[in-house]
Amino acid sequence: MNAADTAFVMISAALVLLMTPGLAIFYGGLTRPKNVLSTMMHSFFLMGLASIIWLIYGYSLAFGPDVGGFVGNLAHFMGHGVGTEVKEGLTIPHCVFFAFQGMFVIITPALISGAFAERMRFGPFIIFTALWITFVYAPVCHWIWGGGWLAKLGILDFAGGLVVHLNCGVAALVAALVVGKRKGYGHRSFIPHNLTLTLLGIGLLWFGWFGFNAGSRLAADGVAGNAFIVTHMAAATGSLTWVFAEWILRGKPTTLGLASGAVAGLGSITPACGYVGLEASLVIGGIAGVICYMAVLAKDKLGYDDSLDVVGIHGVGGVWGTFCTGLFASKLINADGGNGLFFGDAHQLLVQIIGILAVLIYSAVITAVLLYAIKAVSGLRVTAEEEELGVDTSAHGEVGYNL
Amino acid sequence: MNKIEAIIKPFKLDDVKEALHSLGVQGMTVTEVKGFGRQKGHKEIYRGAEYLVDFLPKIKVEVVVKTSLVNQVIEKIIAAARTGSIGDGKIFVTPVETVVRIRTGERDEDAL
Amino acid sequence: MNKIEAIIKPFKLDDVKEALHSLGVQGMTVTEVKGFGRQKGHKEIYRGAEYLVDFLPKIKVEVVVKTSLVNQVIEKIIAAARTGSIGDGKIFVTPVETVVRIRTGERDEDAL
Amino acid sequence: MNKIEAIIKPFKLDDVKEALHSLGVQGMTVTEVKGFGRQKGHKEIYRGAEYLVDFLPKIKVEVVVKTSLVNQVIEKIIAAARTGSIGDGKIFVTPVETVVRIRTGERDEDAL
Amino acid sequence: MNAADTAFVMISAALVLLMTPGLAIFYGGLTRPKNVLSTMMHSFFLMGLASIIWLIYGYSLAFGPDVGGFVGNLAHFMGHGVGTEVKEGLTIPHCVFFAFQGMFVIITPALISGAFAERMRFGPFIIFTALWITFVYAPVCHWIWGGGWLAKLGILDFAGGLVVHLNCGVAALVAALVVGKRKGYGHRSFIPHNLTLTLLGIGLLWFGWFGFNAGSRLAADGVAGNAFIVTHMAAATGSLTWVFAEWILRGKPTTLGLASGAVAGLGSITPACGYVGLEASLVIGGIAGVICYMAVLAKDKLGYDDSLDVVGIHGVGGVWGTFCTGLFASKLINADGGNGLFFGDAHQLLVQIIGILAVLIYSAVITAVLLYAIKAVSGLRVTAEEEELGVDTSAHGEVGYNL
Amino acid sequence: MNAADTAFVMISAALVLLMTPGLAIFYGGLTRPKNVLSTMMHSFFLMGLASIIWLIYGYSLAFGPDVGGFVGNLAHFMGHGVGTEVKEGLTIPHCVFFAFQGMFVIITPALISGAFAERMRFGPFIIFTALWITFVYAPVCHWIWGGGWLAKLGILDFAGGLVVHLNCGVAALVAALVVGKRKGYGHRSFIPHNLTLTLLGIGLLWFGWFGFNAGSRLAADGVAGNAFIVTHMAAATGSLTWVFAEWILRGKPTTLGLASGAVAGLGSITPACGYVGLEASLVIGGIAGVICYMAVLAKDKLGYDDSLDVVGIHGVGGVWGTFCTGLFASKLINADGGNGLFFGDAHQLLVQIIGILAVLIYSAVITAVLLYAIKAVSGLRVTAEEEELGVDTSAHGEVGYNL
């Protein structure tokens, strides 16, 4: 066991955990005040729910011994075999690996919840995310990180461009379509109620993302250091390009644009961060800031109500970053990785594209099946009256502010 | 001149504004208020304690117009603010003796 | 007695308070309101969406005085609240039938 | 009909609500306001700077009732809102010409 | 010296420090807006006061050479002997151990302050906490962690179930009784003024608690990893069971219930985390969520005004977790620990019960003596007028919000 | 490569990054609500802008091969040579050193922005900070940490008393003078709009400062441990002395005083923390709390409008701490450091004074030149109308709160 790696991964896991509260306030600030708590509740509740599922069987489905390249078996049911001894192939205790990965299963469905904020019923939300973790997150995670078929193909996804970002972005699109628009969407105004929360949220997300990306190396070495700095640079570039793009198009540079661009940069660099160098990070992050902004602008034309822009930012960013990994990856950065097209290996790009399509289709189909099934059985939305009153009060019997 | 005070449901504000605008009313003043009435409140729960919250968020729209317009304004507000369910609110009409525009010192109907 | 209601620009509140004070007015009540009028609003931009915000923050000052003071009060408020640019606001004067001081039960002018 | 406007101390709101309710008053509208009066303010200190804050938080309760009820309402409010110390607030009574219930279009006393 | 352990404990100490601001906003969000600053001030002021006491003599009383099993002597007065060299028996510099432990002495009295929020005078608060640290915290810490009589008996308290949680919970109960109810308690409503603060607070607390619990191993190894993951799981389970319990009893799942349940789970696992495994963490955290909720409900019947439920959550959680350590501890998890009843050693449970009773009685008695003495000399409460106006303005000349 | 040091410095870098969002909310809470976002934007925008400058040429100017003792050359242009291999003379990857130092270049100009909050135009702000990083930050950093002339003289500045605090404080003074007072300054009231933000901000700053100061050791050892604990103690003492000073002078202890005193203590200990012991930290922090408070009180008399007191707190604190390093530094604490006057070396104090004067004069002159040049070309301030409406709306088209 390597104590330094163990320390590093534990602290990284703590940083990733903090991203979920960070996301909760990021999202919370963007809703109307009558829905701030219900929106935050989605994220916070998953800190409980997803963790318990992870312990009972989620980890085993994702990282248990491979079954047909598709999913893990139940060898680690209830944490069986996840102890203080070093995990094979690593230098850290198995339980630390379990903990680190256990933070990713929280934030991925939490990200989706931005798509149906302000109108989803709480019961169906619980059912949906429990099923989604089981039937989407765990298998996709297995394919890529658990030794499944995409791993065998040689896919590169350092910290979750596919597993986390594209996956949640696609699910968010389906959810926005199936759950439907918020009442008044298109003619009433949906203005963020507290951007100080959102800005603090991006601060915590950016901070936690160092654990997410550098920690994914599972060791405190040069590759982790590289992941650290390219993550930072992609966030920096994404925040600037989004701001400048809207300054040009709309005449004003906004703080929400800055925060959104940072998330776009961070999401995009996620699959690439362990494989690409500094120049690539500028390209990946910088273009992410622009294309994610365009994707958000396009939403209005396409007409679905993805309340907090999960699709435009995480979905598009996830595709972009995964694709770029197939361009910019280099064994000079990480000998354990691969070479992208620009470093001579066109095959890697092909694998990345296969990965994108596979996750996109799988996540879209299963998410749709799950949501339609729940809709048929119990419905997904609060009533019109509850929506008008606010979900905080109607579902949770609380209000955010009594100032 | 009269002041027309309408207590309405918050999400009806834009509709009421449009309606008044369409009548040629050039100004109005809006306040966030809490209303108590026949519309029942809701329960809030904080750890151990339950509270019945019977003050509901409402918007008060105040508009001063010349007396001849009062009935039209009332009709327009009703048309815009009505949902038909309890708690749609009330309109109160009160007399106004003088109006002054601060910028110009103009008085009464000229000041509206 | 009359109630004088002045809708003013927020940063003029202190000046108006001083002005009324200098007249010997002992009390007033102030509310944060939003005003819609000739003064144009501003654009807000949130990610994709642009909104025209035409309700601007204003302050409503309410002061009840005996009728003989009304004109003086109006003059003072105008002097204090005027910037000369659009949106300086309005003054409305309405009749008040009764005033009571809760602490003592005093009525009308004694209660002011 | 009349509108009774009571400016009271914030923590007295529940008592006043109960008192009006016991009189059979079915509705009222409440606004958070800031009051300036004989009651002295307090000092606030932010790093170097000291400010005298003389606007104190108050609650304005507005209730429209038929004229015959006015005196009873005043009595009840006084009984509920009085603490005996300065700043208990004021009651203002103004005339109301018309009342309309938005939901039904009912008018005047029927609308209360 | 082990650099990895040193890095781990330094970062853990930073995480524990962050818990105090986290607690401040957790508490601050629950008060009425006129008391938010004074409530936060209690915690923030202790970051100064408790640290200075710790340096001058607190550390020495707690960890100095043993005097009769009861308290340390003044050998480390003014940090004497606390330098950059490795502390005996550990692998980290003495000053790092001093710093880590110095964060616990801040948060423990900060937790108590929730009991008398919204009515305590600031001067007496300072006197009380200074004396409480001296006469309660330091000796109890010595008994358990400083080689005192409970340590000699073999008590197991990994990260402070007794030293921190039970200790502060008991003191809180006494304080609520001696200081008396808030004006209007029982008929006016005391509604949280800003639950977004409280939710962000639980986010920071959960994050920091990894340093609190895993860091208490003082080394980056498998036992620390175990402490990390069981902490997380207990928080997760506690948050869920509280929410479901209130959903059943009151018809609504609330965000404040979630946050409270997480704290209940975290407090309960604290003494156990270095000794128990994953299944035990579910039981400890899960039951904690329910019994702490019951304890909070019972408060209304018992009729004391513990403003922010320190007794129901930390006191009850501390007892429950310490007791469970006597049931579930296992040398398979931590060879340096002990075996609980379920692993064959009934004696351990007995020791745990002795520990609970000793801390409970000692903390209650001394806290009562201190508070009655201060009450007699200077009074404890703000005047009725100051309370009505709000303690922020009357004691600190500030207001929380000017929006 | 040392994995423990690498882990420690990466996490420290993440902590320093977090200080900028922490500063943003610290500052944001102190403005009027109509300017909260524009104030936060200054800090957040620098997370992008300063990072990109750092990558392109800033790092190279600061840490590239020395040119005449004044500045580095462009050897590291675009991150050239900054890879995963160990940096010469250290035990960590070059890219990790680059990342750690890259966080300091963000927060230093972000600190300055407090001086011209609520009235600066956004475009000129960008130009100014870009130039300031280039012509002030990078060279001063080179003088002291990059092997420049002050380093050769033997200056002691462990974590940035000169490079960060004095440097930004002097620039802030010049900026406050050149930009001019806020409209109504002196007769209208400028009251913080949300002190809960400011308190949370100091919490995050205090937390992040451990990475700033202890991380500056670039290794997880006893000296880092010493830096950690003296940082904590100086913050503690500074917070207490400021509060007691204002309690005596103004009759009330305030939360803003506590937060300000903590920053004063933290800023003052920054240059000293790797060289001085615990007693010295009490003196440095404790006196800092008082003299920075006096400096803030003096501002009203001197009549410049340094909106958020950067001069009084960081400028004065930076001078004080750097001076004290020349008094209290001791090779017993850090054999790589020096001895101050009280440990027998008067020469060290002289060097410190030279450093103070050099940075003070250089930063003042260049900042003035830059600001006057920008003022001449494009102006610095928003129009009177925009200022009245609020910079959030006029410059960014957003408002902070819609509650």
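Things to note:
Should a chain be cited, it is by its letter among A, B, C, D, E and F, assigned in written order, with residues numbered from 1 in that chain.
Definition applied: a contact is a pair of C-beta atoms (placed from the backbone, for glycine too) under 8 Å apart; a residue touches a chain by one contact, two chains touch by 3 or more.
Owing to the predicted nature of the structure, the values given are computational and were not obtained by experimental measurement.
Considering every other chain in turn, the ones in contact with both chain B and chain D prove to be C, E. More C-beta pairs in contact connect the chains of A-E than those of the other pair, out of A-C and A-E. Homomeric contact chain E/chain F is classed as different-residue, with under half of its interface positions used by both copies.
Between D-E and the choices A-B, A-C or D-F, the pair with more than half the same contact pairs by residue number is A-B. Centroids built from CA atoms put chain F at 45 Å from chain C. Centre-to-centre spacing of chain B and chain C amounts to 18 Å, using the average Cα coordinate of each chain. Centre-to-centre separation between chain B and chain E, using Cα means, comes to 51 Å. Residues of chain D in contact with at least two other chains: 31, 43-46, 94-95.
Under the contact definition stated at the top, the residues of chain F that touch 2 or more other chains are 2-4, 7, 11, 191-192, 194, 200, 250, 252, 254, 256, 397-399, 401, 403.
Applying the touch criterion to all chain pairs gives A-B, A-C, A-E, A-F, B-C, B-D, B-E, C-D, C-F, D-E, D-F, E-F.
Those residues of chain D lying in contact with chain C across their complex are 2, 6-8, 31-38, 55, 58, 60, 70, 74, 77-78, 81-95.
Within the complex, the chain A residues that touch chain E are 1-4, 6-7, 10-11, 13-14, 17-18, 20-22, 24-25, 28, 36-37, 40-41, 44-45, 47-49, 51-52, 55, 78-79, 82-85, 92-93, 95-96, 98-99, 102, 122, 194, 197, 200, 395-403.
The part of chain E that touches chain D in the complex is made up of residues 184, 188-189, 388-389, 393-394, 397-399. Listing the residues of chain A that touch chain F in their complex gives 2-5, 7-8, 11, 15, 32-33, 191-196, 199-200, 202-204, 206-207, 210-211, 214, 219-226, 228-229, 232-233, 235-237, 239-240, 243, 250-256, 258-259, 261-262, 277-279, 282, 333, 401, 403. Remark: chain F residues 189-192, 246, 250, 252, 254, 256-257, 260, 296-297, 299-300, 309 touch chain D in the complex.
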